[in-house]
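There are structures below to look over.
Shared between the two complexes below is chain A, which has chain B as its partner in the first and chain C in the second.
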Partner chain A sequence: MAEHVILFAGPMGAGKTTAIRSLSEIEMVNTEASNTERHIVDKETTTVALDYGEITLGDDEKVRLYGVPGQRRFDFMWSILKERAKGMILLINNDAPDAVALAIDYLASFRELVESGSAVVGISRRDLARTPSPDDYADALSAAYPGSLIPVFTVDPRNAGQMTTVLLTLVATLDSRVQPEAVQS
Partner chain B sequence: MTAIHREPRAIEIGEAALAEMRELAPSLVFAMIVTDDGFELAHAPQKTIDGGRFGSMTSSVQALSEAVSRELRIGASSYVVIAAENGHVLQQRVPGQSLILASLFDNHETLGKALSISRRCVEKLSAELAPHNLQGFPGSTTHP
Partner chain C sequence: MVLILETKPLIPGLIPTSGCLITSIDFTPEDVSALLERFTAVPAATRFGGIPATGWARLAMVLHPLHGSTDCLVLVDLAEGSTIVIDWGRKDYWWPGGGVIPIDPTISNVRIFRGQGARLPYMLEEPDDLSTLLWHVGLHAFPTTPAWWLTDDVRYQLSRWPDFTAFAHSPDHVRLTALLGQAPHTATELARAGGVQESHAQQLINTLSLMGLVREVPIEDGAPAPQTTERPRGLFGRLRARWGL
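After this line comes the complex of A and B, so read on.
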């Protein structure tokens, strides 16, 4: 069975835990702690280590879904988990201050995945903030990573169908990548 | 409502408990009381290591250990030990609070004694925080 490890990254409150919960076929493993910084993000809990879920695509493709903590003070978990990841879904809540810059900032921490074309961006909470638009993100991403294609979606992390579309797009990209070994043989 | 790690009385209680812990264990290199989400309530001695990093890692390790206990259905996790070549890290919950005590001992301390000192400290913290009604702060009532 082919396996992929996909990371869900992005700021606190973007919907990473919710997205994995929507997608996972197994009972999700989570490491949420009470959030004492309610004045910054009004959310009862926050992920402090990782979220974990699994989904099977087709007959023989298992995808392991890892959510990383959104807060930068937990970035040691980003380093640990990105070593294993084949791809990443960056979720950005559109109502965050300067959301496009925030997206660029987060992507910089996962540069290897972004530059290898293994990242997609999901814009969440667009019902609460209509701007910036997906085009604003696409333009900024093209400028920051010329030559890298980073698909941008508008998503509701609670919607399993939407999240599956994003995940399938990423996995298809990863599967279609030409392996150097295959070319040589 | 103020989070517990910003409550002056709670900080005072935490600092006193850590000072007593240091007296009992000269091998204590560093100790910190942190909230579940990794914010510092108190530490001792004065910064010898990056406290912010230590606090965040404490929070992650605690959450992971509790996720494993849940997953395996083996009941509540009592403490976490990281035994390394040159010392050990011990983590223990403060009963009744969303607080964790994380202590770094050098290898002159036996694990048994470190555990006993750590347990004494969390019990003291639990007993002293409760009468001040400090367990009512956000996130401080989810653990036994």
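After this line comes the complex of A and C, so read on.
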């Protein structure tokens, strides 16, 4: 079976679980536990292992959507999953302190994917914090990864249409890199 | 065209800005041409028969040369009575008309305020991102022809992605933009690579250019066409089919 693994990364509270729920055609599998860091993000539960959703394409092809836990103490999971990943979607809540630096910090953990043009950044909660702007992120990303063209979108993870655009953009960048001789019919 | 070096209230509810006011009543095509010449050369401005008297094309021709400016305000008076206020430096705009922005408006006047500190300290309503207005203007200003500032001797390459989730778009827009991100294309080459009509590819290049999101790459004599080609049955196409898009 052909599998395409897409990672959803980002800090706790950015909306990774919600984003996967918006895209998945199956009841999402998640591993939530009580949030012991409510002083950082005020929500009752948080993902401790991973979230999982999928999109089926025919009989023998699936897009697998993995949400990795946002807390740094689970970063060993990131290493395992990124080995299998075709691309990643980084979600950053815009009301986080120094959100742009946070985005750069997370992307550094997935440098191989970023440098190969396999990453998209989604800015969530912009209704709560209008700044930094998408251009602020894009400027910082251009400086951190010269030559890379990383799409930056504002997103509401609850909005399936917007998350579809984010996923299609990631896939479009992956597809457009394939040279004619590598085309599979 | 009248150049006024003073500050005065713009519209009720606005704090006036400093800087010089470039304004005209009954803005004529000649005025627009003269205004453009103040900012930058526009080699293709008259290729298709001159500047139109009304419509989004006129606004696009005024806005495109402003890229690189920071302290700049633009007021666009529509014939039906409302005024679009653009804070170019903050990349915001306000439109009190509410609802859907018209596809084919009649623009009665365009006023540009330039100079240090030409910013709106506040507005009564929350602004919208300027990119949403530029996307709308770009798509509708030149629906079947190249934007008049574009030239035939360059290809266009994406320098920054538009915030597609902020405005209505099609999957083809995403797909074609990704191709522009991989290699410079002319509209003809982009249409061929993406399997769309040339007018559709041209419309996207017009729009991305107005938004300042593409850079020009000169076509040298004998330079080969870009090698990037989308997979005809790639994952994008299968996802799109899966979702019925």
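In this section, the second predicted complex is superposed on the first by the 170 of 185 C-alpha atoms of A that agree within 3 Å, B and C clash if a C-alpha of one lies under 4 Å from a C-alpha of the other, contacts with A are read in each partner's own complex, and residues count from 1 in each chain.
As a working rule, a contact is a pair of C-beta atoms (placed from the backbone, for glycine too) under 8 Å apart; a residue touches a chain by one contact, two chains touch by 3 or more.
Keep in mind the model is a prediction, meaning the values are calculated, not measured.
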item: Touched partner set for A:M77, first chain B, second chain C, both or neither; value: first
item: Touching partner for A:T31 - first (chain B), second (chain C), both, neither; value: first
item: Partner chain(s) touched by A:I55 [first = chain B, second = chain C, both, neither]; value: second
item: Contacts of A:F153 with chain B and chain C, given as first, second, both or neither; value: second
item: Partner chain(s) touched by A:L168 [first = chain B, second = chain C, both, neither]; value: second
item: Touching both chain C and chain B, counted on chain A across the two superposed complexes; value: none
item: In the complex, chain A residues that touch chain C; value: 4, 55-58, 61, 63, 133-135, 138, 142, 149-155, 159, 162, 164-169, 171-180, 182-185
item: Chain B partner contacts - residues on chain A that touch it in the complex; value: 29-38, 45-46, 48-50, 69, 73-74, 76-77
item: Contact set on chain C toward chain A in their complex; value: 91, 129, 158-161, 163-166, 169, 171, 174-175, 177-179, 181-182, 227-236, 238-240, 242-243, 245
item: List of chain B residues in touch with chain A within their complex; value: 3-5, 35-39, 52-53, 56-57, 59-61, 63-64, 66-67, 71, 98, 137-140, 142
